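We call the chains A, B, C and D, going by the order they appear; numbering starts again at 1 in every chain.
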């Protein structure tokens, strides 16, 4: 390893360093995204916000059990027509006729996007939404109700130019318009 | 009435002299531009955009203005245990003296009637040398250990780089046989520029410039990974802004001196001319452009270098740089003997 | 080093108020400290004593993990070592696998090594970048952080996340290599090889860097052994020890790689060794991409527990879903240790199970914690300006040390 | 070198499971600990990886995990040196700050091995604050990570009550 350590003589060293800096000054290798003006279109497997398929879900509470930060709570629901669920409060007068079930709700303030819940679901009912960079402004927004959770937060940069990243031999990462 | 006209012209010219070249407006614009340029150059080398969103069409050039506005609306906090008056006055004095030095640096053949002097080189150099003393005062008055260490470092560096600075200027004084910038430029008009005549002195002055204005790799007094913000750790608001701007004013002054002493002054504009246009504006533009190139070169170093350690800087100040400056004086003497 | 050498015994007796010395509190909110405090006693410009005061980001990961199901510790340990999450994850899972007696299939082993080596490159780049900004070079800082980007993109492609991957689970890995990964990885590796030459010119062989780092913060071989430092810092001092070689795990038995060792043990060697390890990691990633065997990515006894829906997902998307077994892991009573060579050094796990649904004792030691003697022993006698050079060169990451 | 033989000379209780790379030497008597450590060091185990306690209902087990950088054969081995000490009975004491009787859980005492292995210094400080193990002979036994209000809380013991933490948990 001694050949790696061999010091370069100062004059060559200074000249080479300055030349390299100058090379990048005239031939910049820009890597950053012009962020809010251009945003990334997330790949399909990206672990961003996710929602649950109301019909597929069987209310087994596995996701609640596996959630490491304990962000998921199961809310009581009753099964309505076509497999869709209704709030438990809207149960008909005849309590026994209502088929009770449970549905998961994620507290976004606690969620760490590990996707354990997505993977533990025996019916594969969770699906990612392809949204990641959302800012919440109130504490209330972190804790959606089940109806809100079914429609997860929208992409705040919908209008900006969507790009995907691509590996580039010269620049490392380059961005091209999303298909 | 008619005899007042020349007086009015002189007044206009003096006003131009103070306000435009090399004066207040230019330094304000240049400071804004050079800070922007510094950030942009660094951003180019570092594979990013740099300041952009403040004024997107012109590449974020108004970012520095926005920063200035932000500084001016911040709260100014005087630490309880600081030396109150010194704390408030010192940054102002530091800024003022670096500005005063500009008055003695003519950028054209025009002699100001307010500051006519045969000894402009000496005056400008003297004023520039005073500024670090107020920097030490800034560090001392803050009652902060980091500022204090920054002040000590400033003092050490001040002493070790003053001598090479004075010697390199002295070598040019010897060479040009004048204490006056205009005559020095005239000398270069007759022959070669000072850069060719005495490259050693030019190199010394460049190094001293980097050191005095705190450019990399001599960014030692405000080494942020050791001393937070160095001298200006306790400052806030506009006073912090002044602290940030002073090195750029000094950089401008140094670059003007450099372009007058080494880069042929206002060549290729005519050497002697009269009137505000030919006598002040055109040569002024030429000199400022040359100075700007020097400044751009120095701010480019930020993108290449980390910083030296204090003892390394002092050691090279007392060895290599001092040797270079002594050699430059000898070279000047030699050339003077030879040319005679 | 100054001529006046202070020994530690003398330094330890100094009064904390320090009448004779300047006592600097570097941190916890200081650009050159990170989330910790270094109490530094200065005699003039010379450091007499350094007392690292850590724990500002102590996140009680041991306490939390002892009160949760086994699988839930995977994201917890990751959050402690953010630049280096795969290794924390891997190390914990290895210990659990030893307790459970599961052996992952070869393809999963290779994928683990692949993720670990990509993560090692990003971790070293992180270290080089922080070293850069500590010495004042914002260019290297930006470059290194920018050049992590292609690798993070690779990991994003593999795992769907950029930093906290949660990629490795007991029995295998969660996602298989997607289509187009090999081509993209090869492009990125070629880019990185070219960039390393740029780093050489502007940073490694820059005369200012050499002046700042050569013979600064020398950790002698004997000291490195007795103080128990780890990772690249240990190898820079001339000790040939790498967990990947000596306690092989994942696919490292099959991979052909060298362990770079330097002998001087100064800050410059510690910088060089990181550059060399990036080169070795590039070499290993090439081998893995070439030799990776086909097959399952999860152990059979876990695969057999998947229900038909999950098996269908596994066949279609090559994604492993968790059987209910994963929630209720109950390793048989016993204790297990595991060691993994992370970017900054060796992670150590000691886990004791009593057959319960929670770990009985969950103990782990991170490399940064074991590199603390650099502050107390090496920095003494240097100048104040050398402290960032030493700090940066050991690639110390405070949250990792605090756990 | 036959490791098993060498180790059994140090202590009677040696567990070795090479397949799981599990090596453990248990010392019965804390007073024999330093001798055992010195013997291990002369074998080539030259640095401490981790020092930790394990809290059992009646005792605390203190484990030093040691390994070797200098001996090639031992580099693959991670050896645990353990000693168990009985916990003193917790007793109620009057706390003037809380103006109430509080349960005091007295610390246990074991000899420090910093004199043998300097690399354990920070680890022993951590074990001290987390488990209440006083390492006798440690040159600088102070709290390392925990703030002052955790004084004598010994948070990693199983009987640790976390009244203060409830706020943070939910």
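Basically, a residue touches a chain if its C-beta (ideal position, glycine included) is under 8 Å from a C-beta of that chain, and two chains touch if they have at least 3 such contacts.
Note that the coordinates shown come from a computational prediction; the quantities given were computed from them, not determined experimentally.
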{"item": "Neighbouring chains shared between subunit A and subunit D, ordered by label", "value": "C"}
{"item": "Two chains joined by the most C-beta pairs in contact, as defined above", "value": "A-C"}
{"item": "Chain whose Cα centroid lies nearest the overall Cα centroid", "value": "C"}
{"item": "Distance from the mean Cα position of subunit D to that of subunit B, given in whole angstrom", "value": "62"}
{"item": "Whole-Å separation of chain centres (CA-atom averages), subunit C against subunit D", "value": "25"}
{"item": "Gap in Å, rounded to a whole number, between the CA centres of subunit B and subunit A", "value": "51"}
{"item": "Where subunit A touches two or more other chains at once, by residue number", "value": "17, 20-21, 24, 31-32"}
{"item": "Residue numbers of subunit C (touch at least two other chains)", "value": "139, 146, 202, 206"}
{"item": "Pairs of chains satisfying the touch condition", "value": "A-B, A-C, B-C, C-D"}
{"item": "Subunit B residues within the subunit A interface of the complex", "value": "41, 44-45, 47-49, 52, 300, 303-305"}
{"item": "List of subunit A residues in touch with subunit C within their complex", "value": "1, 4-5, 7-8, 10, 13-14, 16-17, 19-21, 24, 31-32, 43, 45-47, 62, 65-66, 68-69, 112-116, 119-124, 165, 167-173"}
{"item": "Of all residues in subunit D, those that touch subunit C in their complex", "value": "20-22, 46-50, 52, 54-55, 63, 65, 69-70, 75-76, 78, 80, 117-123, 130, 139-140, 144-147, 155-156"}
{"item": "Residues on subunit C engaged by subunit A in the complex (per definition of touch)", "value": "68-69, 71-72, 74-76, 79, 139, 146-147, 149-150, 153-154, 156-157, 159-161, 164, 166, 174-175, 178, 184, 187-188, 190-191, 194-195, 198, 201-202, 205-207, 210, 214, 260-264, 268-269, 272, 275-276, 307, 309-310, 313, 319-322, 324, 326-327"}
{"item": "Contacting residues of subunit C [partner subunit D, same complex]", "value": "12, 54-55, 58, 60, 62-63, 66, 98, 224-228, 234, 239, 241, 246-247, 335-337, 339, 346, 348, 350, 352, 360-361, 363-365, 369-370, 372-373, 402"}
